[in-house]
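Each of the next two complexes has chain A plus one other chain: chain B in the first, chain C in the second.
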Partner chain A sequence: MTIGFRQKLDALFTSISGLSVILMTAALVLVLGPILLKGASAVVFRGTVEFRQMQLELFGRGNVLDIQAETTEVEAARNEVYSIIDHFKKGIDADVQIKQARDIYREYGRQLRLRQIPSDKFTAWRQKVRKLRDALETAYTTSDEKEALEQLDFVLSQQNIPEVDDTAAGQYFQMARDYRKIVTEVGLDHKEEYADKFKQVEEIIKDIFGPRPGESTILMASEQFGMTRWDRTLFHLNRLLWVEEWVEKKPGEPLVKVQRPRVEQFAGTEMVKVFDLMEDNLQAMQHPKLTIYWQYFFDGDKTTGHFFGGVGPEILGTLLLTILSMLFAFPLGVISAAYLIECAGDNLVIRIIRTCINTLAGVPSIVFGLFGLAFWVPMISTISGNPAGSSIMAGSLTLAMLILPIIIRASEEAIRSVPHTYKEASLSLGASKLRTFVTVQFPAALPGILTGVILSMSRAAGETAPILFTAAVAVGGVPDSLFHGGTLALPYSAYNLAVGDVTGARVPHNQFGMVMTLVLLVLLLNIVAIVIRSRVSKKLLGH
Partner chain B sequence: MANQTPQSTKVADFDRPLLLTPGQDWGNYLINILGQALLFLITSLSVVAVLLIFFFIIRKALPFFLKHGVMEFFTSTAWYPEGSPAEFGAGTLMAGSLYVTVGALLFAVPGGILAAVFLSDILPFKARQIVKPIIEILAAIPSVAYGFFAIIVVAPWLQKHLGLVTGTNIFNASLILAVMAVPTIISVAEDALTAAGRELREASLALGATRAETIIKVMLPAAHSGIIAAIILGMMRAIGETMVVWMAAGNASQIPTPWWNIFASVRTMTATIAGDMAESPEGSDHRLALFAVGLTLLAFTFLLNLASEHFLGRSRGGGKGRKK
Partner chain C sequence: MNIDPEINPEETDMTQTQIPQLAKNNSSVRLAQMQMFSADSYATLVAAEPAIITSHNFSLFYGDKAGVKDVTMDIYPRSVTAIIGPSGCGKSTFLRSINRMNDLIPHTRAEGGLMVNGINVYDKQINLVNLRQQVGMVFQKPNPFPKSIYDNIAYGPRLQSVKRRSDLDNMVEQCLRSAALWDEVKDDLKKSALALSGGQQQRLCIARALATKPKVLLMDEPCSALDPVATGRIEELMTQLKDTYTIVIVTHNMQQAARVSERTAFFCLGELIEYDLTRTIFTNPSIKQTEDYVTGRFG
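Let's turn to the complex of A and B:
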């Protein structure tokens, strides 16, 4: 091989190994980038009027008068859509119509009774109106166009009978006129078809605007408000305007996804205007404004799927678990490290201890979870007298075992890096070994130990598997007692939102927001640790 | 006069006797011994913890092995814990763990060792101070965040661009596990390479070898014990990881067919424990079987750990030996 060739090989090797470091950096950017960027959208986003209503109702934030004024404005814009929808609904929804006809009939009877009409007349009049009602009902339920028109014409022919003057039954004629128009314009063949399609439209609009004013039956807390965010509003607008269909383009080939305008389904009806209105006028109906929701990190969330509110309880739960586990592991870890360095020689017992520390560090985190379930959970239940179950105490004791070896190793390294001269100077002044350690070595090693402690805190905060069976719950809050009841925690909630397809897909900003909060917490701890360490290394080097 | 007073107080004050009485001497001795014993007890809590872990996992796993036998568990591939009769063959689960671990190592070992070499032998000191925090942060990102990235970002990407049926598969999990294992491999391998000493490098370079030749022919063989330890530790990280494989490996209890199909979904031991726990009633055979899986995992990592310690010890001892 010539020297030139060998030098080229050398350069090639250098660049390949450099590439691996670049790839690693790229991996870091690739992983953190989307999490932090998209996660930020949980805090900074364009909030709609629904968001401000939600903040007011759930957390009492914002100016009541302003929000009421805004709501009135928005309602005005929305009412245009609602009125078209209601009108169209009347045409296609037989049940609504029949119910209305029956209500009118009942009201008619009440009115007659109030007028104190003699009983024979009362029955006769009622029978006449009853005929009108039955005719209308038949018209609404039948799918035969001719029959429907016949019945409606019969109703309309009775317009001038004296029995209905100045009574509720007068409304029957308006209903009949409306329905006649629909039957002649739309035809009854498509009625059923429209009913299904219309229901979809109605549901999407409800997703966007939330329950209508005055609507009393709200089944789920998640339906309390409409879309609180403009990006989600646009997502649902897209759902409203386009229908996804799987079409077979050529026989035998896999189906292809095609998007068709939904408006096609309602061509020729008044509903067309709804789509135009929604597309052009949605800003006025939702009032998007740039919002910085810094309370995201403090607010709780009462819905199971994190639809409203923030990650406050999760942060609190995670901090509780982390700090408690640190309280257990820190003293044990530092004392162990001190003993291993200062007192222990290199004999069999010490080697066994060291092997055990290494083993502890190598135990898979899920096995810690199993152990916590088999040992700490029953133990905590025996001590506190509560029924066996998840508790913050069980979780943090399990986490403490997990971080103990990390603290021992970091503390050992920190104590070892204190120059020997410190110790020798102290001993030569007559201080005892214990006194030397407590007053000289330990303070000098403290920043290094703190670095290890902070790093193991970040480890404890991010671990999911150990708290899975011992402390974490998917729904709820932070319990009042350390010994009873599981807690929300960032890693577990992040997992739940990521894999819970249905709920998760409804709140993508929250999926990312949850992970972002966890990553920020861990990064913050790490950066603090890195800064402390760089200062310490400078100090110990004597700069 | 006023100036002399502070000076005189600086003189050491010997009002305490310089010699200890025999009683005090004994007292100090006893305190010393007792203190050491106390410290020893605290330190040996780590041993207690390890013993407790083994004891409690075995206590739950043993009834399972006694009832269902060891052979079925390790050789059968039928894992139907809720079937009737229930079958507890952990073969598929172990195969799943093996697939993602080997897959992760295929990515992580070359990348990790090359990066370690680059850090220890090529990069100047100042640049190293910048790269090291990057590795540390890579190691510090919580596993659930990696799993999240795998399932929300990587899986749809794989599905869209490679035309796969599912984006959660061996490839996805291996890729992410590799990113998680790389920091471990780098830090241990770099330590080993640095510990191998300056003299070896200088001797090789003085003989006219290029840097690449020095690294490949001299440094890597010299540090091979530490590098093996690094690989084992990286492997332990991959095999013990729960959240990433639970989220990204697809959780399909099957052995991929054909065996090289890296885009098949698998289910690992860790994911099975995490996923099945909520479905298994306390005291049921299913629950005990999960502890048996946990014991297998624990035994496996324990052995790997002993091996890594052996190699790490050789790496340190070997370095000393050469210096003599």
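Let's turn to the complex of A and C:
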């Protein structure tokens, strides 16, 4: 081999190793970058007025007066939309109209009684108004356009009769005029069709704005508020403005998805204005403001899909699980490693044990999860007397089993790499084996052992499968007991959002936020361990 | 009842009682033993005080292989005894047998008698802690613990349950003074021992060994990792210490053996070839093999 060739080989080796470092960095940035970037949107985003209302109502944050003023402002802008919708709804929804007609009739009766009109006149007047009411009801219920117009015209022809002057019954004429407009513009044939399409619009608007003031029936906690984030508001605006349709462009070919403006469905009606208003005026209706929601890391959230609030209980649960599992696994792992090195000889049994430990380190985590379900869950329930179920204790014991092999192996390596001379020196001074291990070998091996601890801690914090059946719950708050009730945990909640049909899609920021929080949490734990390790090493090296 | 004849308690008892007799009273045996050595120096070889370490037909086996074979020699108090010989001759093995450091190696087995200060070293019931406190050891490479200088010295006393701060302080100072290290480190006793230089570390190890108040100090090539200046200081230290302690030193450096020791034993292939006053070994050895070795023609 010539010198030149050797130099070229050396250069090649250097460049390959340099390249691999660059590749690894790039991969890390590619993986972590988007997670952190998207996760950051859970904390820094443009919050709408709904967000501030939510913060006020659920967490008691913010200035009540300011928010009330803002709400009034926003309501004024929203009312334009609401009034158009309500108006249109009248034409579509016969039941509402009929109910209104009956209410007016009842009110008319009360007004007559208040005026102390004689009883014979009272009955006659009521008869007249009742006729008007019946005509309106017939018009609302019939599907025959001609009949409906006849009835409405009859109502309108009665406009000047004295019986209705200055009474509630006067409203009948406005109702008749409105409905007549709808019948002539839309036609009764399309009424049903409109009802469906209108319902969709109404739902989307409810998604954006939340329940209307005074609306009392809120079925789900997640419907308590409208869109708290501007990006989600825009997403729903898009849903409002465009309709997805699958059309067959050529016969026999697969369907193609096309987006059509939703406004087409309401062409020629007053609803068109709603779409224009929503598109142009949404800022005034939602008031987006740049928000830094640092309380995200402390707030709880009791809705199933994490619609409001933050991940405080999740962080606490993950920390509890990780730290408790380390408390179990660390002493046990170090003692096992010390036994394997110092006490156990090299016989068949020990070799089998070693093989088992190595195998355990490679067992899929779901196996540990099932073991935890079959062993630790009933065990904890027997010990604590609670009904069998998820508990932090069962989860952390399962996690401890998962990371035990890693800690044993790392500790074994670390203890083995302590110079033999330390042990010799200690023994030659008359120390027992135990004392030698505790005072000399263990402290010297501690930096190496801590490396194993760092690795296993990250693993414990990020594992989902072992806590799936043993500790994690989907909804809840701060855990109140280690022995029953389970806890929220970051990896499980992220998983839960991802598989929970539509919820994940509704709160993408939260999904990324949880993953980001997990990454940051692991990073933080690692930094703490690394600081401890470097301090121990420094102390050992005497700097 | 006793399956293994080696741990027959009767036999152990016998050796225990026999050895002192052999060593102290049975002079004919001793004479026969000594006939292999120079007859002239016999009178000076046997010092005024009785021997502190007595080895009688002592053998140590690693599995089936003998590390040392049938070594019979007496080591006298308050003097330096050097053990020289080529590599693998068993000199370190013999030295480490004296405080049973060979136990760290699995499958070792001892035969014959080895007494230190009246204790049978290979007795099954022996308290190893006591033995090792009486027989301190300094190793080839300086091996201070990764702790502070103070904690290094205090390690031995703490094992003996010395708890009071003032006692420990006194002891640390005294040991460091004995090891001629006090003046160099008195201001930074809290500093890590690993920050010291190699020579200082080795003196620290000597001080550490002295802190258990041993009678015997075993030194296993203590200067092989040091430069000549540091070596000189250690040798100087040895000559000071020999007034108080019995020092046994294994060395590859024959000049060192000649400089510091009163008596020298020459080992080869696990056997004790010759044991005599250092002067005699280096000037007028009675066995050809020794002469070849000390003059550099062999090994």
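As a working rule, the second predicted complex is superposed on the first by the 465 of 543 C-alpha atoms of A that agree within 3 Å, B and C clash if a C-alpha of one lies under 4 Å from a C-alpha of the other, contacts with A are read in each partner's own complex, and residues count from 1 in each chain.
Quick note on the criterion: a contact is a pair of C-beta atoms (placed from the backbone, for glycine too) under 8 Å apart; a residue touches a chain by one contact, two chains touch by 3 or more.
Small disclaimer: the values here were computed from a predicted structure and weren't measured.
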| item | value |
| --- | --- |
| Touched partner set for A:P443, first chain B, second chain C, both or neither | second |
| Comparison of chain B and chain C by chain A residues contacted | B |
| Chain B versus chain C as contact partner of A:S428, first or second or both or neither | second |
| First (chain B), second (chain C), both or neither touched by A:A284 | neither |
| First (chain B), second (chain C), both or neither touched by A:I67 | neither |
| First, second, both or neither for A:C356, with chain B first and chain C second | first |
| Set intersection of chain A contacts, chain C complex versus chain B complex | 432 |
| Residue ranges of chain C touching chain A (in the complex, touch as defined) | 99, 101, 104, 106, 128-133, 136-137, 139, 141, 143-148, 155-156, 159-160, 191-195, 205, 208-209, 211-212 |
| Residue numbers on chain B that touch chain A, as the complex places them | 28, 32, 35-36, 39-40, 42-47, 49-50, 52-53, 56-57, 59-60, 110-112, 114-115, 117-119, 122-123, 131, 133-138, 140-149, 151-153, 179, 182, 210-213, 215-216, 233, 236, 239-243, 247, 270, 273-274, 277, 290-291, 294, 297-298, 301-302, 304-306, 308-309 |
| Residues of chain A that touch chain C when the two form their complex | 345, 419, 421-432, 435, 439-440, 443-444, 539-543 |
| Residues of chain A that touch chain B when the two form their complex | 6-7, 9-10, 12-14, 16-21, 23-25, 27-28, 31-32, 34-35, 332, 335-336, 338-340, 343-344, 352-353, 355-360, 362-371, 373-375, 401, 404-405, 408, 432-434, 455, 458-459, 461-465, 468-469, 491-492, 494-495, 498-499, 511-512, 515, 518-519, 522-523, 525-526, 530 |
